[in-house]
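Taking it in order: structure first as structure tokens, then the write-up.
The chains carry the letters A, B, C, D, E, F, G and H, assigned in the order they are written, with residues numbered from 1 in each.
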Amino acid sequence: MSVAVVMGSDSDLVVMQAAVDTLDRFGVHRIVRCISAHRDPHGMLRFAAEAESQGIEVIIAGAGGAAHLPGMIASATVLPVIGVPVGRPVLSGMDSLLSIVQMPAGIPVATMAVDGAANAGLLAVRILALSDPELREALRLHAADLIDQVEIKNSTITRATEVLR
Amino acid sequence: MSVAVVMGSDSDLVVMQAAVDTLDRFGVHRIVRCISAHRDPHGMLRFAAEAESQGIEVIIAGAGGAAHLPGMIASATVLPVIGVPVGRPVLSGMDSLLSIVQMPAGIPVATMAVDGAANAGLLAVRILALSDPELREALRLHAADLIDQVEIKNSTITRATEVLR
Amino acid sequence: MSVAVVMGSDSDLVVMQAAVDTLDRFGVHRIVRCISAHRDPHGMLRFAAEAESQGIEVIIAGAGGAAHLPGMIASATVLPVIGVPVGRPVLSGMDSLLSIVQMPAGIPVATMAVDGAANAGLLAVRILALSDPELREALRLHAADLIDQVEIKNSTITRATEVLR
Amino acid sequence: MSVAVVMGSDSDLVVMQAAVDTLDRFGVHRIVRCISAHRDPHGMLRFAAEAESQGIEVIIAGAGGAAHLPGMIASATVLPVIGVPVGRPVLSGMDSLLSIVQMPAGIPVATMAVDGAANAGLLAVRILALSDPELREALRLHAADLIDQVEIKNSTITRATEVLR
Amino acid sequence: MSVAVVMGSDSDLVVMQAAVDTLDRFGVHRIVRCISAHRDPHGMLRFAAEAESQGIEVIIAGAGGAAHLPGMIASATVLPVIGVPVGRPVLSGMDSLLSIVQMPAGIPVATMAVDGAANAGLLAVRILALSDPELREALRLHAADLIDQVEIKNSTITRATEVLR
Amino acid sequence: MSVAVVMGSDSDLVVMQAAVDTLDRFGVHRIVRCISAHRDPHGMLRFAAEAESQGIEVIIAGAGGAAHLPGMIASATVLPVIGVPVGRPVLSGMDSLLSIVQMPAGIPVATMAVDGAANAGLLAVRILALSDPELREALRLHAADLIDQVEIKNSTITRATEVLR
Amino acid sequence: MSVAVVMGSDSDLVVMQAAVDTLDRFGVHRIVRCISAHRDPHGMLRFAAEAESQGIEVIIAGAGGAAHLPGMIASATVLPVIGVPVGRPVLSGMDSLLSIVQMPAGIPVATMAVDGAANAGLLAVRILALSDPELREALRLHAADLIDQVEIKNSTITRATEVLR
Amino acid sequence: MSVAVVMGSDSDLVVMQAAVDTLDRFGVHRIVRCISAHRDPHGMLRFAAEAESQGIEVIIAGAGGAAHLPGMIASATVLPVIGVPVGRPVLSGMDSLLSIVQMPAGIPVATMAVDGAANAGLLAVRILALSDPELREALRLHAADLIDQVEIKNSTITRATEVLR
């Protein structure tokens, strides 16, 4: 059971690291690779076609601009593919988002928010947890943790706004 | 093993039917329900919280405008949630898309294209196929089918452009 | 008579502080709380459902990205709810704005400008002033104050453009 | 106790009628008027300045394109003003929305969705209900009604998807 | 013969200064004033209504966000009004632009580019030059000057790209 | 004294006719011409360069898509140029608007709303009226007429909403 | 010497036909094919890799939505690739345009306007004309023809506006 | 055999340098010039009309805002013209992109990504390589080089994510 986190360039790692960190926190085995739809299309298709046989169950792909990587990988595998639009200053990340999410019928890509790599990791965990009760339990603890965070943030806010009064 | 297809209004069915049809084609058991984040928020949370115990494994949620349904369901379950932005004439569907896809870290929603319900069904099948070899095989046949369709479309195009010459 | 100012994260306080300050300036009692639609949906609904019985009359809710907080609170109370889209660098705040303003018929959210928390405070004051003549008078003074400000800014501009001539 | 529903042109009535209907359903007294910020700015300011003394408590203003009516009325009264962006085919209603919602600090306009006149009526009712227990009760019934509608829509969906199976 | 350059706030002067500078360069008499559609609507209408009798021939109005100033001034005078959308970081200046340019039939505003105050000055000069042969001649010299600038920039580019070769 | 109304194609006449009609209503002499920046750039520059000597005082130019006509004419004349973005179904007219309004410093184009040809005619009249007291008077009557229209529309609205009550 | 016109689906032919017609008008040999980046990625790469050896000199690729076809073909050939964004009602064609034009450095796609297939044909002709004097001459005649069209359209406009006067 | 790289201002050189560098790397002769559609329209048309006779085969034109340069040059030559939208902070570069890409049928401009000057150089090389086997070979080496880069980036990513584990 493994998740592949792939991206078109090493400069995307600053965004995609959050997906890797999330998988690590849940103890999910992962590989991280540079795969480029545009610079090495044959290598990309080879990766996608062989992923299943190499024990990969979910593929997380991050890309920016005319972001073709998630959709092209999804076209060459039947594994679930999660796409992360990597934002760029120009055009506010809208190009990355639309290039990934607007896939035609037949080839789904599970699209995350612009720069939403942490959620890509979490969605992979939710998918793997369907057949892994331990992971399911970890997700429940994570959900409880989110509630606790609200309480902590609440204290911060209360204190800040009391002080200022 | 079951998939829930939910939507905020019966008027969304014209779009969401494609998700139902896709699941039916792959023989995946599904339930279809009207669940509204805004009209019945407590009912919505109840549905989300109980989904797991009722044998649901994936939830597909369609909504338009300020589309809160997929994200709110995802906040009350640890199952994978797939969001389908339902397009409206006003604002070209951009409101539906951004309301669903731009989720904060912690609560992932697998977002499809505007009106992309067929792909929501297919992504659910890809997820379920991870632990169902028969479904995996059906997906491979579907992929082969897509290739055949290209050949058929190619013939149509060739004929049309020969005739017109 | 009280106004609740709520937000999904303590990081939103830098924007939402302007609402708190405005209410303080008009001497309106207010509480400030971290309420998260996504991290703690049940806590959020509980807050919304109990607000009325706790003497709250208007709720101001700030949120960014796929901003569901104002709309979800509005769905679980009959009090007037004011939404403040909190801007993010990505997508120029358009996601926050559309997620809050494009509510379906049945559940109104009084939407302010992106980062427009000061106006949220002022709208709450305008609403409360309907049954509070003193507050109404304070608003009239505030309106007169805005006119005075124009005169002061006018002097600044006149001086600056005279000097430069 | 009265609500004024105003709009820049009689052609806007097709959208704004939903606000009138909502107020009528709740038995709220209302007046409906053509008020134009651009064609008759002095008449518009006169209306805004006199509204309070004529027993108006909330003003609903609908406008399209460079929609200045809600903001200009809000600048000449201290009553709560609700703005309804009226959509036009060109620019998808984005111009109407931004012209109304992006008000500067000091002059709040409670902005609704594009063409969201029904919610403008409901927000007015929520505001008036703060000092009218009967209206508050009517809102609670309306909320219950929304829940019932979900059940009815659910039956429609269930039946439609059973039949199609 | 005079041009009025007005703006809603002294913070807009950093953008609007270019209009003032352009008028100064052509020796056109100008006044510069803070006029606010939202903070002082009656003062704004008074200014617009009296402009003609005070010898003003063209009004340049700059504003940002829900920018109502140019359109409202145009509604209370028959003088030509030039609008300058002042950009803000949020929404990339799109709100300022659409609020000014999308005026309804009947009330024209000559809209410039976002932050395009220099061109507002130039357009005023082009208008005044219709009845001022000296100004017309100055515009012809300015046009010739633009051509000379191209030659200078060309040298810079040629040198830079030769050096780098 | 004459105004030229030019457009890139005869298909633009359906939009630009409103400019012609407005000029006719005010009795302003006008010529109407097909001038194409892209199909006949030399003819276009010739027209722009000769306009002044042929008694033209204001040029109204309508164009759609990558709308270069108004800006290019403005670059070859010192007369005031008014640009009308002609809307197209694709991209909601945003391309026409931005191509016309975002002119660089040095070459102003007085930009109207998308399809705002009537206002282009009115702006031309406002400009010509600076040296034509009769035209100025006609504009005052037109402004009064706009106020009367509000009263008529008001009657329509009042009657419609009374009937419906 | 041949041009390939490819598209992802036979439904795109209604737009892409204009490219075929343009090539036919100039007597340029062309083949027309259905090539799908998503349904048959290996077939698509095979086509791109073999294009050169089959005598193809320019490839025109049309696609809509998350339009990956032009960019992916460009990544597997060194021939010039021209991309035509095919518009869809949803999102106004913005998704098609950005998915094609925002290519990363290294893999150029010559992008046309949304639905701009005729220009794709013309660009191919301009490219081929670099080594074909006869084609160059045909382009000059075409340019002259465009000028003639302006004269014809001018007559239509003149007549229409004379009649209407 | 030569390529012209032109731009409206020397400030565009910071973006356009990448086109020059790319041509230099492939050993393609190039000239670099400041050509302004707006400041010197006659000079611009002269340049475009004479380009062919001066041995230029491809023209690369960069421009920002209401970017008319590429389209206007394309209207006065039959050579292939490549347009580079130069981004500006305001409006995220959308104005530059749409002004260049949305050309009407008849006058094609091969549009690159916002700030995509490197690809403009590469497209010129791909075009020239059609009749230059050496250049074709260089492009093949460049493509192989891109594949090698992926391997290097892959090592960086692998190392970074191993270290962090």
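Methods note: a contact is a pair of C-beta atoms (placed from the backbone, for glycine too) under 8 Å apart; a residue touches a chain by one contact, two chains touch by 3 or more.
Keep in mind the model is a prediction, meaning the values are calculated, not measured.
Peer 1: Can you give me the shortest step count from chain C to chain F, moving only between touching chains?
Peer 2: 2
Peer 1: Applying the touch definition from the top, give me the chains sitting in contact with each of chain C and chain E.
Peer 2: Joint contacts, listed by label: D.
Peer 1: For the copies chain F and chain G, give the interface type as same if over half of its residue numbers appear on both sides, and as different if under half do.
Peer 2: Chain F and chain G contact each other through largely non-matching residue numbers.
Peer 1: With chain centres defined as C-alpha means, what is the inter-centre distance between chain A and chain G in Å?
Peer 2: Once rounded, the distance between the two centres reads 35 Å.
Peer 1: How far is the middle of chain A from the middle of chain C, if each middle is the mean of its Cα atoms, in Å?
Peer 2: Each chain reduced to its C-alpha mean, chain A and chain C end up 33 Å apart.
Peer 1: Counting only Cα atoms for the centres, state how far chain B is from chain H in Å.
Peer 2: 41
Peer 1: Which integer distance in Å separates the CA centroid of chain B from that of chain E?
Peer 2: 50
Peer 1: Identify all positions of chain E at which a residue touches two or more other chains, and write them in rising order.
Peer 2: Within chain E, the residues that touch at least two other chains are 38-39, 65-66, 91-92, 94, 97, 101-104, 106-107, 113-114, 146.
Peer 1: Spell out all pairs of chains that touch, sorted by label.
Peer 2: Here the touching chain pairs work out to A-B, A-C, A-G, A-H, B-C, B-D, B-G, C-D, C-E, D-E, D-F, E-F, E-H, F-G, F-H, G-H.
Peer 1: Which residues of chain H touch chain G once you look at their complex with the stated criterion?
Peer 2: 18, 57-58, 78-80, 82, 97, 101-114, 116, 118-120, 122-123, 126-131, 136, 139-140, 142-143, 146
Peer 1: Would you mind writing out the residues of chain G in touch with chain A in their complex?
Peer 2: Going through chain G, the ones touching chain A are 8, 37-39, 41-42, 45, 64-66, 68, 71-72, 74-76, 91, 94-95, 98-104, 106-107.
Peer 1: Mind pulling up the chain E residues that touch chain C in the complex?
Peer 2: Contact set of chain E toward chain C: 7, 9-10, 13, 17, 20-21, 24, 32-36, 38-40, 43, 65-66, 90-92.
Peer 1: Okay, in this complex, where on chain D does chain B touch?
Peer 2: Residues 87, 92-94, 97, 113-115, 146-147, 149-151, 153-154, 156-158, 160-161, 164-165.
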